[in-house]
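Shared chain: chain A. Partners: chain B in the first complex, chain C in the second.
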Partner chain A sequence: MELSPDSTILWQWGPLRLNATIFFTWVVMAVLSVGSWLVTRRLTDEGKMSRRRNLLETLVIFLNDQIRATSRQEPGRFLPFIGTLFLFIAVSNSMEIIPGFHPPTGSLSTTAALAMCVFIAVPFFGVMQKGVLGYLKHYVKPSVFMAPFEIIGEFSRTLALAVRLYGNIMSGTIIVGILLSIAPLFFPIVMQVLGLLIGLIQAYIFAVLAMVYIASATSVQKKTDDEKRKAG
Partner chain B sequence: MDNIGLIGMISIIMAGGTMAVGSIGPALGEARAVSQALSAIAQQPDASGTLSRTLFVGLAMIESMAIYCFVVALILVFANPFWKYVIEHP
Partner chain C sequence: MGPDWFTVIAQIINFLILVALLKRFLFAPIVRAMDRREAEIASRLEGAARTIAEAQQERERYETLTRELAEAREEMRAKARAEADELRKDLLEKAREEVDRSREHWRESFRGERESFLRSLRRHVCEEVCSVARKVVTEMADSSLEERMAACLERRILEMGTEERGELSGHFRASGREIVVKSAFELSTGGRTALARALNSLTDAVPLRFEVEPSLVCGIEILAGGRSLAWNLQEHLVDLEERLDEALGKSPSIPLS
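Moving on, here comes the complex of A and B:
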């Protein structure tokens, strides 16, 4: 039994290898970008709104609301990053039901890459809002002795993000595989429906956790601004 | 018993033990979190949006412990490095 689609090699030419993870990542990217391009290529404000455009606008509004509720800041700056994370994970988890499709999120390399993006985005947004010194100050905020724990926490939560998504999606695939050999008639379908639900929840959780981490690095400036306004 | 038998036996026993012990804590924790969240929603239905979002994030945090155990158990059964070493160097 295979634990990850990394070991499935679809095409090889000399040292160049195309494994299933990379291929299906590009499939998901193509679905997302070509789909959005098809919907948004003829935008007008006349007449009735098309159904697909309505779907995309509902998605963007939903993401904006969730980001605003989670971070208590204006969502405009975070929407591209958080929205991309959510859409990529949600689409690749939902396309699990297509036969022959290995979800790229079921491979530890994809989820580790996504978690590294969050790991880099946290100081990026923090430095952008508060400057280098202001961002570094939150490591020594209660006292200097907390700094090692803060740094350990940054690494361990990155690891947790990667392993959580990988473990959930991979375990769904493995359970369906095991059930296919034990009770192939009906139960795999039930588990796949559960897998769809888990996939969407995991995409939501990944995006919300990324937003919480970024918000914790950017929120102090907001508070001091409010205090200044009160004082002034 | 030779090395192959020993490694196979201990890996399978420990995989089962990892899942059994490792799912007790998260199960108790999730049950507690859900029951508290339910009573909070019953008292304040207006705050159910915030409560359920926080609940989901918290449940994901708790569940990741069980997922770690599951990944370790799967590695023990399907991708055991010691087993591979023994198979390759008989």
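Moving on, here comes the complex of A and C:
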């Protein structure tokens, strides 16, 4: 049994190799992009709204509400990043029930890539708001001695993000695989349903944690602004 | 077990591409559409609020108009009622006056007819009574009755009061002409003598002339200068007629209503 779809090589040309992780990621990307394009290609403000558009709007409103509740900021800037994280992970995990589909999120490479994106996004949004120095200042607050711990915290939480998602999805896939060999009739179906639930919860957790990390960087900026206003 | 770094980099690129794709095809259009719809809803709400405000104003205006209309209607009704009452009173008054007038007219007419009838009755009764009396007296009358009448007239002249006698004699003297003595029959010598004696006691040197006047029925009339002194049945008959008239006039009247 293979623990990661990375090891399944579908095509290779020199150092470039197309493994199952990348392939199924492309599948998910195609599903999301084409699905979105089909819904949004003819958006009109008149007439009755289609069900699919209604679903997408509900999803966007849900994401906006979550971002707003977590960050206490306007969600506009964060929506594409956080929304894509959530949708990618949720769709990947949900497509797990399709026979022959290996969720890319079951690969530590994918979760590591997503965690690294978050790792980069946190300072990116922080620097966008207050500049490099302003962002770096929060590492030395309240004391310069806290800087190592802050840096270790940055790495450890990125690692935790990657491993949490990978572990959950990989374990679900492994458990279903093992159960199929032991009790091949009904029990794996129950486990797959449970796996769907866990997959959605993990998508939600990953997105919310990413938002929390980004919000912590931007709320520092906000606090600094408040202090400046008080000083001024 | 560890991550494949080529795959990691590829997945990072894939993820960034997916972010761009979803931003292009999903989030941006949906958010734009939602914003447009929200703006449209806000504008519709604003329009609805404006329409409601206008409707409220219109409603207030119509309520005012309705109230004014109701007041005007009530006022007109009250006025019409007052006019109707006035007209009814007028008409009743006029009708009452008309009835009174008609009744009065009818009474007058009835009274006139009654008077006319009574007058006619009286006349007839008088005529009949007088006719009977005249007939009786005519049948019974003769020269001796004339003599009795002359004697009666002489006694009346002689029994006159001094004042009346003076007045009468003055009157005879003032006339200066003859005294005419009319009678229904030719007076006898005794009657003529008695009358001459009586008249001579009033005045002297006035010639007497005796005439026969059948219309006197039965009696004697002395005429001098427009003044007459008479005793005849005609007088009594007129008296009778007057009394009959009076008696019939006092008869219980017929109720008029």
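Worth pointing out:
Note that the second predicted complex is superposed on the first by the 217 of 232 C-alpha atoms of A that agree within 3 Å, B and C clash if a C-alpha of one lies under 4 Å from a C-alpha of the other, contacts with A are read in each partner's own complex, and residues count from 1 in each chain.
Please note the rule applied: a contact is a pair of C-beta atoms (placed from the backbone, for glycine too) under 8 Å apart; a residue touches a chain by one contact, two chains touch by 3 or more.
Please read these numbers as outputs of a predicted model, since none were measured by experiment.
By the touch criterion stated above, A:Thr173 is placed in contact with neither chain B nor chain C. Using the contact criterion defined above for the overlaid structures, shared-chain residue A:Trp26 touches chain C, although it does not reach chain B. Once the two complexes are overlaid on the shared chain, A:Val208 sits against chain B while remaining clear of chain C.
Taking chain A as the reference, the larger set of touched residues comes from C, when chain B and chain C are compared. Look at A:Thr70: by the touch rule set out above, it reaches chain B but stays clear of chain C.
Once the two complexes are laid over each other on the shared chain, residue contacts for A:Thr40 go to chain C alone; chain B is not touched. Once chain A of one complex is fitted onto chain A of the other, the partner contacts of A:Gln129 are absent, as it touches neither chain B nor chain C.
In the superposed model, A:Asn93 lies in contact with neither chain B nor chain C. Looking at the shared chain after the overlay, A:Thr105 reaches neither chain B nor chain C.
According to the touch criterion, the shared surface of chain A, contacted by chain B in one complex and chain C in the other, consists of residues 3. Those residues of chain B whose C-beta lies close enough to touch chain A in the complex are 49-50, 53, 56-57, 60-61, 63-64, 67-68, 70-71, 74-75, 78-79. Interface residues of chain C, counted against chain A in their complex, comprise 1-12, 14-19, 21-23, 25-27, 29-34, 36-37, 40.
Those residues of chain A that touch chain C in the complex are listed here as 3-4, 6, 15, 17, 19, 21-22, 25-26, 29, 32-33, 36-37, 39-40, 43, 45, 53, 56-57, 60-61, 76, 79-81, 83-84, 87-88, 104, 107-110, 112-114, 116-117. Residues 1, 3, 66, 69-70, 160, 163-164, 166-168, 170-171, 174, 201-202, 204-205, 208-209, 212 of chain A are the ones that touch chain B when the two sit in their complex.
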